[in-house]
């Protein structure tokens, strides 16, 4: 025990230690959630091409039935979250504030939780291609928040190979305990998912990375480890952004993903632990994804906890059911570090929504924090997990010198973890500047004629 | 049932750490004991000097910023630091009108002209001090003996010199430990240096209080500890080695550390965040460069003290340090180490 | 009787009485070419190079003029020698090192009217330096010039991203920074004794 | 060439119609195109020798002399000098007049010569002179070139004196060597040091910038940004 | 000239024409320079001689005329007083009767800002420095430049001992600058308050120069007198 204390868990360099706030929900078992009167299902809940509807207005659908098919490789299908009637196919409100193509579904009153069974895919008898196809058909995307189609990640490009599969259970975002609960309650599903993933990627070993603030999860998974599987559990230091792919790879394997490269460039595939559990749960039944685990928490929520929530449930309904205070002032989808603040409660949760955090007026970030000029204190330099110089980048952004930012200061490597903004004593919205700068550069590149 | 409007903003939605005005305020707190000891050592003239230095800096900042329409320029406390530091580097009975001139220069030329807080490429207090040093070389190298018996009842005539006139001295003058060393090869006792029993600039005499202030700021993570450590370490190392090689010519390490403005400069001046390098390694290199410069000027140069010039030089070099010493960005350079 | 050590001559020309910051020689490139670090550094290198060559040439010319007893031709011959030295150096570099020419090329013609070069020739004559002393003096002056230029360039690159009040933008700001640098270099006074 | 000369000698004696042009040539150097305060040329002598009014005056007059003489000679020979060797020729002409000025000053006052030191020969590389020879005298008649040289020279002297005044008054408490204040006046030594030169010139430039800014702001159609550049 | 005639002429500027133009201008320039030089030279020589004599008479009180002597490493020989280009020249000052008052020596050394150039009077009889004059310095105005003007400082050089030791090769006591108000020996210089560095520089320059010249002068004093 004493030696355990002395021995430091592996981690990456730099990073920050924001307060955790996980106590409120981490001990609450996952509970089911009722169906909302109307479900809103955007067709683009993932990165890539929106899916194409295969149902028509007025059609009755069963829970788990295909609503929209994938449009190409970088796309996933959409399944019905509840049995009910397709009210309308049109435009639905989205988190960005714009109206996007989507489907309105009205569940039957008292609709059952029963899900349509599909064609099962067995690990033992399937080829990697079949598993990858099955994962796409199940509509699975990264449930950690990125919503990147998982099967795309698993498809190893020509000439490359994967030797290690990392299951990301770090969950470094404050407030969120989704993955924590999943690891406590769905260990068999996770193990099953790992089997599928190992087969699909051809990796020879799998490591589950867990931050040291979830010792019970590590113990639980270790207890479930089957002897035949090259799977181990690695506890890593509590630090934000430990859950970022690159940081986790560095912490566990001491490998650095090359600038502009992907994990596969260092023979690694990283999959979120909840995604893994979902693969292990859905594929044996040939089902599609229709609900996910979401942490509902924050000072503005009375019934804090983790819930199975059907995809497409409107935010307002969730908040009402979870007993939100009337004076909530800010609501975030995802964690407070990388999540998005919502402007309207009429938007639905999507596959990528890992948490809902609601703040009341007084707890929210003080409205009138004064922005001072950069005083070169270096706090951001000490925080940036990629060893960038956010101070210099911020100054360059302020003077709109975007090209120097990209050419001399590796702007494009920034994955917008927000550590710099968090620590900045001058309250400069650094990561916000970087998002705009990257956008400007991408737009310019798109406009530039191809050579 | 819910409020109609929600506040939006982009992530991250929480912020931590201390804010700039907090940091600045704490530096002021750390300086207050030093200032109090200065008043105790040199009496009324030091008190008047510090008040004048502060007033000139604050007023200049206030009016210049009002002139170009910037709002509440004093709320960030940075100019308070400038004023205090500037006052603490001056000889205690410098004529107040000179103090005022230097304060105006410090803020106008050292800070405002570059765009105010965050853009000053040199430490403003030192710009003001260097200006005064060049403009009034006699007045700024005339020192007052510490702990004069009538220091709380008598204001030295030189302090109250009318503007544009030469000061007339009517009190016991003293010699700084460094000029004693340089011109008379007389070394002052380390204990006296540490406790501030010597003559010198208003705020530089008590090395102990300065160190305590620095430790406070380092403990609160409001100061880059690498700069003072590298700087003091360099000076100590060079002087110890050379002292060992020839004690007659080269003064000892402890004497070098605790005499003159080295402590004040290393702890409060060289660490001016805006004008120093941003990376940890850069800060170390910067400290070493300043340390070498201080030693060279003190021992081989014509002046007895070189902290001010060395730090200004360090400020001038720091853009280059930032340019050349950059951390290796993640995923560049070396590829992943093992398979 | 020797009065100045070579070390002192070097320190004097480079730091204590820096050509730019104390003698105001080469102020035009100091104000003009110090905007970017890379340019400033290359300009500095070119100046060191030309200074060394023209200093040696000036030493020879001076000896010759003493011999023919025509001191009144000093200025004209210096300026002619410097101009042609620059030309020769330019051709030479172009012929033998195209890469160096690419780096220094555009600065060489500018150097002809750089008063630091002519100033160097005149100073070394006035001070009565011998050949070795002249060489060290030229080296010190060139390094001092480069140092001033490079320091200035670093500061100006930093100030490009500062909210400088409109009234101070441009030459005035550069001059003010130059003034502070000049103050800083006063700290070197008395070195090398 | 704004006027077509009828023969080789015509250029020599070609006076422009009316006095308007040449007055303008004179005036522009004083203020609108002041070589120091507006064009920021000839910085070396401007900063180096202005620590007293007398030095500034001497340097200004020496430059004025060289400027006027070289302008006259260049403009009168402008049709004779082949294009290819013109710069070399100008430098030769300028160097000649600088040498002349050097000896004359030395004959008049050794003290002034000592104070100005190497900066008299350095007039050769003062960009103003070569600049005027190339930009004006080589394209204009003798009279206009004379007026141009005079204007630029006087403008240069004026700027030097502005600096010399402020630096000597503050730095030594005197003007042209005559003590202005009582003995108890505290000199601002920095003003006669090199850094004082930088600060004094920057101060004047700031003042003129401020004036220009105010003037431009009075005209509403021009934006602030245009003024700064 | 019409346009037609201008164009071909411009193209045809050949080497000869260029040469012609250059030579022509060269002649004009040469003329201007030579005339100026010839006219101003006598005045300049006179001015320079006067300035030097003024300084010599200042450091050698009582001197009326001077003689230049050049040291070639072996012996002194009288030099042309108008030739300013010679090196290692010292000056003897003679009073109205032609008797030698002392020797004026130029010395140079590093000061605080730049080299300081001084002239001092040396009395070979008394073996002491009897006068001091700053020819050139760039010391800090109001501080270091007091070495030229400070009356109390000048007082040091009324009789500053520079006596040779028994070997006759070096000074018995180094000339030294001491802190203001602590002068106790005749070979010490009382520094100026606040300008210790420049005062020390003067001491060093004098010491250095006297260490060099005093033995030479002592050995060759007859050569300086007989002429």
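In order of appearance the chains are A, B, C, D and E, and numbering begins at 1 in each one.
Keep in mind that, in the parts below, contacts are C-beta pairs under 8 Å (C-beta built on N, C-alpha and C of every residue); 3 or more make two chains touch, one makes a residue touch a chain.
Since we're looking at a predicted model, the values are computed, not measured.
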Any chain that touches chain D and chain A: B, C
Chain closest to the assembly centre - both centres taken as Cα means: B
Farthest chain (mean CA position) relative to chain B: A
Chain pair with the higher count of C-beta pairs in contact (A-C, B-E): B-E
Centroid comparison with chain E (C-alpha atoms), farthest chain: A
Distance between the centres, which are taken as Cα means, of chain C and chain B, whole angstrom: 33
Chain C-chain D separation of Cα centroids, rounded to whole Å: 23
Inter-chain centre distance, chain A versus chain E - centres from mean C-alpha coordinates, in Å: 85
Two or more partner chains touched - positions in chain A: 373
Interface hub residues of chain C, defined as touching at least two other chains: 72, 76, 163, 168, 173, 176, 180, 183, 186, 189-190, 192-193
Residue list for chain E, restricted to those that touch at least two other chains: 29, 33, 36-37, 112, 140, 142-143, 197
Pairs of chains in contact (touch as defined earlier), listed by label: A-B, A-C, B-C, B-D, B-E, C-D, C-E, D-E
List of chain D residues in touch with chain B within their complex: 181, 184-186, 188-191, 193, 195-196, 199
Touching residues (chain side chain B, partner chain A) in the complex: 1-3, 6-23, 75-76, 78, 115-119, 224, 273-276, 278-280, 283, 322, 326-332, 334-339
In the complex, chain B residues that touch chain D: 98, 109, 131, 134-137, 139, 164-167
Of chain A, residues touching chain B in the complex: 16, 18-19, 163, 174, 246, 250, 253-261, 266-267, 316, 319-320, 324, 326-332, 334, 336-345, 359, 364-365, 367, 369-370, 372-379, 381-382, 385-389, 391-392, 410, 413, 416, 418, 421-427, 429, 431-432, 435
Contact set on chain B toward chain C in their complex: 68, 109-110, 112-116, 119, 121-122, 127, 130-131, 133-134, 293, 296-297, 300-303, 306, 308-310, 312-313, 316-317, 319-320, 323
